[in-house]
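So the structure is just underneath, and the comments pick up after that.
By written order: A, B, C and D. Residues from 1 in each chain.
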Amino acid sequence: MIKVAIVGASGYTGVELLRLLLNHPQVEITCVTSRQNAGTPISSVFPSLMGRSDLVFDPVDVDLITARAELVFTALPHKAAMEVVPDLLRAGCKVVDLSADYRLRDAATYELWYQPHTSVELLSEAVYGLPELYRSQIRGARLVANPGCYPTSVVLALAPLIEQNKVFLSSLIIDSKSGTSGAGRSARVGSLFCEVNEGFKAYGVGNHRHTPEIEQTLAALAGEPVAVSFTPHLLPVNRGILSTCYAGLSDPLSTEALVAFYRERYADEPFVRIHPAGEWPNVTYVRGSNYCNIGLFSDARTGRVIVVSVIDNLLKGASSQAVQNMNLMLGLEETCGLGDLPLFP
Amino acid sequence: MIKVAIVGASGYTGVELLRLLLNHPQVEITCVTSRQNAGTPISSVFPSLMGRSDLVFDPVDVDLITARAELVFTALPHKAAMEVVPDLLRAGCKVVDLSADYRLRDAATYELWYQPHTSVELLSEAVYGLPELYRSQIRGARLVANPGCYPTSVVLALAPLIEQNKVFLSSLIIDSKSGTSGAGRSARVGSLFCEVNEGFKAYGVGNHRHTPEIEQTLAALAGEPVAVSFTPHLLPVNRGILSTCYAGLSDPLSTEALVAFYRERYADEPFVRIHPAGEWPNVTYVRGSNYCNIGLFSDARTGRVIVVSVIDNLLKGASSQAVQNMNLMLGLEETCGLGDLPLFP
Amino acid sequence: MIKVAIVGASGYTGVELLRLLLNHPQVEITCVTSRQNAGTPISSVFPSLMGRSDLVFDPVDVDLITARAELVFTALPHKAAMEVVPDLLRAGCKVVDLSADYRLRDAATYELWYQPHTSVELLSEAVYGLPELYRSQIRGARLVANPGCYPTSVVLALAPLIEQNKVFLSSLIIDSKSGTSGAGRSARVGSLFCEVNEGFKAYGVGNHRHTPEIEQTLAALAGEPVAVSFTPHLLPVNRGILSTCYAGLSDPLSTEALVAFYRERYADEPFVRIHPAGEWPNVTYVRGSNYCNIGLFSDARTGRVIVVSVIDNLLKGASSQAVQNMNLMLGLEETCGLGDLPLFP
Amino acid sequence: MIKVAIVGASGYTGVELLRLLLNHPQVEITCVTSRQNAGTPISSVFPSLMGRSDLVFDPVDVDLITARAELVFTALPHKAAMEVVPDLLRAGCKVVDLSADYRLRDAATYELWYQPHTSVELLSEAVYGLPELYRSQIRGARLVANPGCYPTSVVLALAPLIEQNKVFLSSLIIDSKSGTSGAGRSARVGSLFCEVNEGFKAYGVGNHRHTPEIEQTLAALAGEPVAVSFTPHLLPVNRGILSTCYAGLSDPLSTEALVAFYRERYADEPFVRIHPAGEWPNVTYVRGSNYCNIGLFSDARTGRVIVVSVIDNLLKGASSQAVQNMNLMLGLEETCGLGDLPLFP
């Protein structure tokens, strides 16, 4: 069993990493840390885990972590992550970082959207952990920057079109909707049940921090800069992201041809599923799993293609994608421990 | 007290008409019909109304209705509506029709999206019941076609831009999300709690019947044909529509100027509220009321404006807009009986 | 117009008082206070109220409040309430206090369940504001202690049986379920959407603070001490309390006789509605209204009666009951401003 | 791989059986039937299963089923089940029946609550499939009657007290709350999203069909007849049952002693977890798993014990308990294929 640690495991991505790794046949969790819950058993913080683990939260102590684990998941807020990742690497650990700190290639862009970057030297080394695009680089990586939830849903939806130059880059409009677990587990009025339930709103219009991450990845595929309209919305569900993407086709393409094109592109991908023409994904089709489902429509009236993708934001959008990256980095079967079927209803 | 009837009052728009009209100070409900519930007290079908009315559902009988009422709300499915509306008018009643049957000016368009039209002669007379656009025509109308829920949210969001020729007509993309009451009260697997709850999906992509209604109204404002991309989605909430509208600006305009422009356009409208720059509407801000709230953003990076509007689909999107139309048709104060503030939380 | 103030108006009961009083035909809100939101327009804190009021939150200043209003609603946490209520009374205001501070007759009991009581001298004067039991005393009161949400639902359910000595007092078991707005608007992890949604739990088992309030009121009706089992649960809905009450009948009584007995008891009550035998209330039947609905069953197999009551916890359980009390205290029509029908669906 | 079939697999328990068995390491699904979906791939009916199985629904044909499988799950409505179970047994299959048809020992009781019983001869052979009570009998059974969802939650909560004669049998009151998937997947107005969401109600008060099943099992433990008050309620969540059980203690017992007593009773049970004193289960702690969590309180004031249990009604209340029974019947490890941890949030 390979020894792994989770740093910052008291949020929603943390409990999902715990759930997945406790059932993973090839790894063993040897250390979990939490500033606020140090000294508390994980099953007291997360009673869903009762009876399955005696792990107790440790304080965040790099020496302790690196003594116990060979691969570390850092599930910390941005800024906090880059304060520990360099030390973890220096001590010889591999790292899957779930924060935003190593996702953007360009420190200036990072600093424009976040705050000063204190670990710039690792930016060129970090691999963007989207296996459907960067599988081979991930295999050899010491540091993987696990993608954001929205970017995962958007890039999987649009990559085939952009790789093959099928749409006008200036025409990209992305209307995304995320479940509330994406807002994390901190106590804020805006995340209270009574504020979210029976509600729906746009937020971060024109300035959401996932915009540069989306643009960077699409630009790399396009070979030229890309600017998108990206509008996130808050859904009154626990889990799930659905992104509705609009793009102007450079050449006409039928819906059937579009479906065939996506099926071919993702033929070898174990976690991408393409719906037949006329059928559309629901976030319930992927809940609790590592899948991304995609539906497609080509609108002859307007010359636009509409691509709808769904993922579980805590899984393919965070924790299970992190495990997929870990599997690749450790030379394990990529799908190992990720066989859960979606929970419906 | 003016006597009014509701034909087809056993659905969600029906119960909302009952709620509003039972509290309306100038009208009296003298007849409610329901094929399936004939003979049953309305408070048995809708226990929320217990103790406030002795009304009993009648079968649908035009003579009975026209003998008892001077204005009739027809809350029937399309096709069923046009089977009774001509007779109601012939007997001297005014009619607010909540179905789709009289919304489209052009019978051929109607027949393309619905089925054969059997009441074509009334199409030119029917007034599209959006008071913010057609107030004076509604005042004189015998027959008002109450707008669809999606079109109400979309047209109020885009009308100012199109009236003043501020956006490229070919650039309009509308991403709408509706609460589940929009699907009506009929028993279908797809509307079951366990299918909708914790879910989210697009539906009717590229072929939703509200598309021609939106395009017709926008085209009338533009003075030329308009084709839009319109994608509806199903929200796991009871009530509320939020439409996120994207349009390419023909000339640059700051967000502040945009807000000022909308405020001026809607300055005299009692039911349209414009958010300040940087604030966005939530469907909870209008739930249970006749309001439409609008938020605005002008994105210099992409040259697009983003307009987000919210309404309660059962109220401004159906029943309270119908009452607003009734008030105008009867020469009452337009806001009469529509003073309910939104119910939050 | 009679001038009223709301002290502590930035929570959920506060916004409901604002909604009700802004539409009340006989009173005018002249002052609203909030420590945290002082200086902010109420419509910025509650966008649902946009366009209907220019009121701005004031800091909590007793001189200001008493200069502007003749009746004051104190919507403060317990302890904070009794710090201002004596001064408000001293300045000649009438007070409807929505906190727990004046509900319990006995200071020792209060101090057992809460903390030291600093306004003991007013306890004997305060009238428990349940109009169905204490209407005449409320009419003459300077200080009304507005009942708790659970106690309102429970006492209306059980009062008829206990007044008439029809059940064994030692047999009372109350299983209550409340919507999440009952937990207030403060930011706590336990009230986050993702913690509450799709969840259900018991809490405060055996030690909830509404227990002594329930027992005090039932004991007053019984003329002897009463001890109940009271178990509250947290429902994943915004609004609504449903209490399922079990009691052993001292003499057999059919369900039909039970229904008739309740109908007679509440015949003159405008806000209590009794379901026919075999029909049961749903919290949706009262949402947004001042109603209490009650369903009844007498189980010959076990000799027990089962009484199920529902209220909107923010309305009959708090704000609209406070307005009902205000109407009585000011000599207005008891139902004035309380005519809203429940919002369904 | 042992070959198994699922008869009637198009409902919610069906899709859960499919999900569990597709991932079960020791069995293979060789046949799934559905009257309404015959000829359709299971992944078209349940897109959550896309890409994981090529199974197609067959019509219900006993010869086909028995030719393909050695153990059959019958997930049919009551009455329909007993029309096929005898033939399946006769052909040599083992059967786990998820309907109510073989749960009651006494045909007369069955006929009182359901309809005439046409398979009476099998009643004495059928084993009630609650492993925590009847493990050894299940191991040798040809026919297991999988328990109802409510009875599972109630019997696990009360069995320790009744086995050891610790409570008055006449004092049992059970207040249960179930998620909406318990109502099945058929299209009925009462199960529509807008009817259930934001609602809560009691139903089947005094006459729910799980009452005799609960009473039969408790009576078997007590060695004498038992009559309980059982009140089910409908929760606006997809999954989960919480039962709050009240019982008068025959001898005083502290909460701590009670917890210790339950821990001892269930020490060897892999799927029952007892909360420490002062902590209470939430349905979210078991969602997606085969666990039953139990919280306890002994109330010295009233002499009553309060036991709160939670299960996932589709899993420990139906499909995963059926797999647990299958494992026992086939001589497999009891926990095989049931290792899923609960999905939180």
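The rule is short, and it goes like this: contacts are C-beta pairs under 8 Å (C-beta built on N, C-alpha and C of every residue); 3 or more make two chains touch, one makes a residue touch a chain.
Because the structure is predicted, anything quoted here is derived from the model rather than measured.
Novice: What chain is the most remote from subunit D, judged by the mean position of CA atoms in each chain?
Specialist: Farthest by centroid: B.
Novice: Have a look at A-C versus A-D and report the one with more C-beta pairs in contact.
Specialist: The comparison resolves to A-D.
Novice: Based only on mean CA positions, could you tell me how far subunit C sits from subunit D in angstrom?
Specialist: A distance of 39 Å separates the two centres.
Novice: With centres defined as the mean C-alpha position, give me the subunit A-subunit D separation in Å.
Specialist: 36
Novice: How big is the gap, in whole Å, between where the Cα atoms of subunit A centre and where those of subunit C centre?
Specialist: Computed from C-alpha means, the inter-chain centre distance equals 45 Å.
Novice: Name the residues of subunit A that each touch 2 or more other chains.
Specialist: 12, 181, 194-195, 197-198, 236-239, 281-282, 284, 287, 345 - these are the residues of subunit A that touch more than one other chain.
Novice: Considering the complex alone, what residue numbers of subunit B touch subunit A?
Specialist: 170, 173, 175, 177, 194-195, 197-203, 205-206, 227-229, 231, 233, 235-240, 242, 244, 246, 280-284, 287, 295, 297, 299, 301-302, 304, 306, 308, 310, 345
Novice: Under the stated contact criterion, what part of subunit B meets subunit D in this complex?
Specialist: Contacts found on subunit B: 12, 180-181, 185-189, 191-198, 236-238.
Novice: Using the touch definition from the top, list the residues of subunit D that touch subunit A in their complex.
Specialist: 12, 15, 19, 22-23, 46-52, 181, 198, 238-239, 273, 275, 279, 281-282, 284-289, 291, 293, 339-345
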